[in-house]
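Two complexes are shown next, each including chain A; its partner changes from chain B in the first to chain C in the second.
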Partner chain A sequence: MSSQAELDKLIRSDYEAGFVSAIESDTLPPGLNEDVVRFISQKKGEPEWLLEWRLEAYRKWQAMRLPAWAHIKHPPLDFNEVSYYSAPKSMADGPKSLDEVDPELLRTYEKLGIPLHEQEMLAGVAVDAVFDSVSVGTTFRAKLLEAGVIFCPISEAVHEYPELVKKYLGSVVPQGDNFYAALNSAVFSDGSFVYIPKGVRCPMELSTYFRINEAKTGQFERTLIVADEGSYVSYLEGCTAPVRDENQLHAAVVELVALPGAQIKYSTVQNWYPGDAEGKGGIYNFVTKRGVCHDNAKISWTQVETGSAITWKYPSVVLRGDNAVGEFYSVALTRNKQQADTGTKMIHLGKNTRSTIISKGISAGGSSNAYRGLVRISPRAENARNFTQCDSLLLGDQCGAHTFPYIESRNPSAMVEHEATTSKVSDDQLFLCRSRGIDPEKAVSMIVNGFCKEVFKELPMEFAVEAGKLLEVSLEGAVG
Partner chain B sequence: MLDIRNLRATVAGEEILKGLNLSVKPGEVHAIMGPNGSGKSTLTNVLSGRDGYAITGGEALFEGRDLAELEPEERAHAGLFLAFQYPVEIPGVSNLEFLKASLEATRKAQGKEPWDAVTLLRHARETCKQVDLDPQFLKRGVNEGFSGGEKKRNEIMQMLLLQPKLALLDETDSGLDIDALQVVARGVNSLRSPERAIVLVTHYQRLLDYIVPDYVHVLANGRILKSGGKELALELEQRGYGWLTGEEEASA
Partner chain C sequence: MSATAQEPLNVQLKQQALALARAGLREDALQSVRRDALALLEHTEFPDKRTEQWKYTSLQALTAGHLTRVARGNGASLPAPLATHRLVLINGHYQPALSQLPDSITLTRFDGSRALAAETASDTLRTPFAWLNNATLTDGLQLDIADNTVVDAPVEVLLLATDDAPSHCQTRLRVQLGHHSRATVIERYAATGPVLTNAVTELVAGAGSQLTHYRLQAESPESLHIGTLIIAPGRDSNVHSCQLMQGNVLRRNDVRAIMAESGASLALNGIFVGRGNSHIDNQITVEHRVPHCHSEQLFKGMAGDTAKLVFNGRIHIFEGAKGTNAELSNKNLLLTPGAEVDTKPELEIYNDDVKCSHGTTCGQLDAQSLFYLRSRGIDAAEAKRMLGFGFVNELLGALPDQAVAEWARPWLEQALTEAEPAK
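Coming up: the complex of A and B.
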């Protein structure tokens, strides 16, 4: 068999998280208007200020147009065909603890390898599980509170910590930031809220696991993480969805605030359903992620993106304070008809700010994979430094890789470096492996893992293993 | 062990091997020499199963098994080893990882006990020393940033770890200085045994001063033109290939 045929076979593997859970849901009929926004707000018993905030976002959104600059193609989106709220029925009265959660829900997460019973959990990882529009359970909350760490659904934080939410919500990604962020601000249903007090090193990894189940439902979660002065937190995010023929919309917003001297490490393994081999179905993933770094603070984004029919996301860092550090490490794998336009923005405002961007794009099948990045050095960002490295790996000859780096430097003392490479898994590499007894599947997996090594080493241990396995499955295929 | 009968092979539609015969028995060392473009590399590529090399006639049997029916990895499992003329780089995959994958797959296919991590590391380190490579090399990417000589020694290291029955060395001496040549020769000689065979493909007699062959063959225009003992290599060194290929006048 030719190595191209081997690759083709490898690239066509199945999506393992594609099952549907039989759970009764309260789902809002499709369509979006002010009443829907009011309904969501009322359903959550929100205070007046938040309803006003949502309505303001909705009005801004109505005046905005769908962005058209990304290197992606999709049929026109009808935002009135989407349902903006879905919650498992059993959640209507709100479970008081994990023991009261619908067993079918718990089984769903177990099937995905995310047991929500604390005693069965990996020691050292607290999980918030978000199912369609609501958080269904958060583990280890009591233990975290002992350290002063707040980790809860944002819908609860609105009631329990209104000052914090009011102060920081929209402070990094304002309602009118962009089309999808405005939409999210109007209709966001749930998500996670994290607050790490001054000087506290969060005693365990925090993680949120997002699952879309209901058909024709959009997921619009909102995550807000505030790390107070000198604190540290590592946060993990995972995502899956059932196999469905129609496209589903996911438009999340993540805001990170790193106050002076704080460090936030945010890792994502995104494995939304990517659609089938012909490009039918799959998640449209339009996500806005941004962090603000104050003096001496550090924000590090690490992402492994293997899912979604379309990925449109640019986790960014605004280096507002002096000596702030921003990092972006990314592996984006596309195959079949997947399209990814992803990258980052590093906005250098403070003096001596530093940023590092390492992006690894892997394209297989008939997919398209674009890196889009902006490095902006403002006039007062003395001695700012950026290093960018974008590498693309092509598997086969039907796929595309593109790099769109934008550099705007307005300070002569700044140093900005950019390196870019494109390579193919060559027949020679594959042949070397095979003539040493390694089968083609393992060989491709090994070569791709090697290509991604610089990014994987930034992931927390368990996640790095998971990411490696995920690549292997996605490349089964195609890579490992 | 290796029986090649009237082998014909094409590359990109062009016939390169035109009825080649060669028989290699266990314990023997054969050298195949010949001018550029004579089909030497095609022969090693056909035997190891590289894409794009099609057998169009005859057969190549390894211990009675038709090589054409085996995938490259199956040939490796059967005990065939090719030392590459130009070993490629695999960035980010450490030598140790690569050796682990190779040995795991090969030992499993051969029904041998797998090596645990400690055993693997011990063997790998010892073998590094044997070919004068710093054990730090195990941590570096496969051939990544290696010099020409280091790449060749790395091939020999892999060969020594895999202990093949039949080793094909494709111009392993090219680009080596005399010290590296001796290191490589020492490695190859240590593999010599009554159960194993070695086929050296080379341009120059020089390598054969260190790895003394039992037989020397001249390959030209896709066929073995002449076979002899080690003294044939010396004669070729003095007289060139022209007197055999009938191009003496032209090349003189």
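Coming up: the complex of A and C.
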């Protein structure tokens, strides 16, 4: 029966052979089927095993239903309206100089204190003379290679380090993990691959920032970080300035593997276009992030989420080994019509595993901000320990703040604690600031910054400064 | 019929419920209530594992066919009364001969002889089991307490379910407290045999009234209980509800408190103890619909042996419910390695002028305290019981009614003993 169905599919796909010309071009027409998956794989010159892997993911995805449990509302997504492959925009299409860039965007950059040449790059101006991202990238790469660290696009890693990619790709987030992860597995465009060898402390903080042009090409990026025994890496992700992106759907997958004794610190500042005040446009951000911690390893997620029309994101840690440690620090700010449903999962499998969750949600305007988390203690996780704190701050009476923490404990020696509070900005604090001559907007921004401090201190320094400023910019007009 | 057995359990249950509801249709003053409920049942699926609110609770025990047989009784004797005034229902049917009612309370039976203005509409009930209760409504009690009345002594309502075979009974209770009145109601469930009690209880407190409510659920281990409790506090009223429950094959409590009148204050507490392979699932929702209401919840659970405790506490603050103060605390102890606790405190808030918090913990008895007690010559089991008492003492000590407090201590003692795994 199933072979008959397969046959039918093949017959049909032959019948719809409208892709001959498309293969020649750089952008696929909207729609998703096996041919599209094959096209992407072929375009990237991928080996047979990876194509099979993608196709398996695609078949699993077809059998899945769109998840409906999150506290978000959006019009039904049509996955056949999306184009799944588009070559990087050539520099010729972009604005020729800063004069052609939206002045409002430039003002924002200025407030964030971004240097001029970086402003040009972020706005997509062709700036090879001033700021050659390619050469900058290569300089750092040489220095990293000296330490034995591999840091390259995943499409390159597939060719250069096939054993590593084959071994770890999908080992943390399998193809059929969830709807969006399956979609990503089938059509992922590119992403980063990092490998830190045994006992190596990565000499610098790695960042997708260096490869921002490449990162921008895909709505479906895939990141894989493997930290071998006893190594350490700090990875920064995201853009520190608003990127005007026409793309509607963004479904990324991030996989972290911390082998025994390794430490991975993953920091994100996400500020995709959140849509306008009426909630028109903006990115739908559906991201699957997960790490596996082996014995004595540690994974720490830190995120500052201020952008996207919809954020659906649960960076998780599977504490597989004994004495493993998982951390999650999050600030999520929503305003206007933004919706966030974000949180984490801490799966305690090993003995003496520990996890900490600190989540700060700030909702303003008519937005909705939800924390959703799971702490699971398996029967053999002796002496596991979890502490969770979720605080919500409400600015305005039209917004919503929600908390959905799932706690499943199956070991009596484990300790799990969860606390959550919801409140508005205290009048006393505001009054104090105002009596010292601080205007209301600045005062609220100060108080919000204080509210988030616990998370900001986990961010690398430059990031923390920018995150604070970003919050300030995002809060503009949200008060009063 | 063999084809039916192949169907998934939730489909079977729906068919059984529909059969019961259709058989229960009759022309009397309550017919519209039954019809509405039947219509809802027809259009709703019974829960299975994929239903979010039933994620941790399986209805597998109902494959024994509880809904296909009505409990007939097995002549079990009544437990000793807790109060001078006691009303008795056996398998959902009122027993006037065994009951004694104080003068200050008017009693009405849901027997269809007259329409009651106050029947709760099915859409307030929300779950298929509660609709089934409405659809088969042929007996049950409404207690009316007039305005400006103080009922001095507590009133006990004993709801006994007995049968020797898997069967079910539907129980219904409604307490309507007039404005500026005061009363204490003890809702007490008892069961012998593998009977499923499908209970619906409504508490309606008038403006400025004070209602103290106890829900004692110490049914036999082989029994099942699926219950819905609706609480509607009136303007500036004060409702205090305390639930004591022990695990059995399946215990599911859906509690919905609707704070729809300003100034109301609600305290909702509970102690639940799991024994053997028992299951307790508490689903509590407090809805703050209007400004200036106050709610406080404290639930403490202890899971022994291979028991499973589920707790879901949701606080929902509606837009415009300014000045709300809502708190929820759920603390759990896992007493044995085979036990499980699944808890989820939820906040859903649509207003900034609120003070809300929830907290939950899950842990074990303190090893040092145990050691201390043992070093004083107290054996391990006794020491565990003592610490278990210490864990819930803030709730036990706060029980305002003497008779209930006296009942609760030996009950808890026994519950904790039963929570120890069989050697």
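As a convention for this text, the second predicted complex is superposed on the first by the 377 of 480 C-alpha atoms of A that agree within 3 Å, B and C clash if a C-alpha of one lies under 4 Å from a C-alpha of the other, contacts with A are read in each partner's own complex, and residues count from 1 in each chain.
Definition applied: a contact is a pair of C-beta atoms (placed from the backbone, for glycine too) under 8 Å apart; a residue touches a chain by one contact, two chains touch by 3 or more.
What you are looking at is a predicted structure, and each value in this text was computed from that prediction instead of being measured.
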**Asked** Which partner does A:334 contact after superposing on A: first (chain B), second (chain C), both, neither?
**Response** neither
**Request:** Return first, second, both or neither, reflecting whether A:417 touches chain B, chain C, both chains, or no partner chain.
**Result:** second
**Message:** Looking at A:311, would you say it contacts chain B, chain C, both, or neither? Reply first, second, both or neither.
**Reply:** neither
**Asked** Is A:434 in contact with chain B, with chain C, with both, or with neither (first, second, both, neither)?
**Response** first
**Prompt:** Does the superposition put A:83 against chain B (first), chain C (second), both, or neither?
**Reply:** neither
**Message:** A:451 in the overlay: touching chain B, chain C, both, or neither? Say first, second, both or neither.
**Reply:** first
**Request:** Look at A:442 in the shared chain and tell me whether it touches chain B only, chain C only, both, or neither; answer first, second, both or neither.
**Result:** first
**Prompt:** First (chain B), second (chain C), both or neither: which does A:402 touch?
**Reply:** second
**Asked** More residues of chain A are touched by which partner: chain B or chain C?
**Response** C
**Prompt:** Can you name the residues of chain A that touch chain B in the complex?
**Reply:** 1-3, 426-429, 431-440, 442-443, 446-447, 449-454
**Complete:** Residue positions on chain A within touch of chain C in the complex are 69, 377, 379, 392, 394-424
**Asked** In their shared complex, at which residues does chain C touch chain A?
**Response** 52, 56, 319-320, 322, 332, 334-364
**Message:** Touching residues of chain B toward chain A in the complex: what are they?
**Reply:** 48-51, 71-73, 75-77, 81-82, 84, 87-93, 97-98, 101-103, 105-106, 109, 141-142, 158, 162
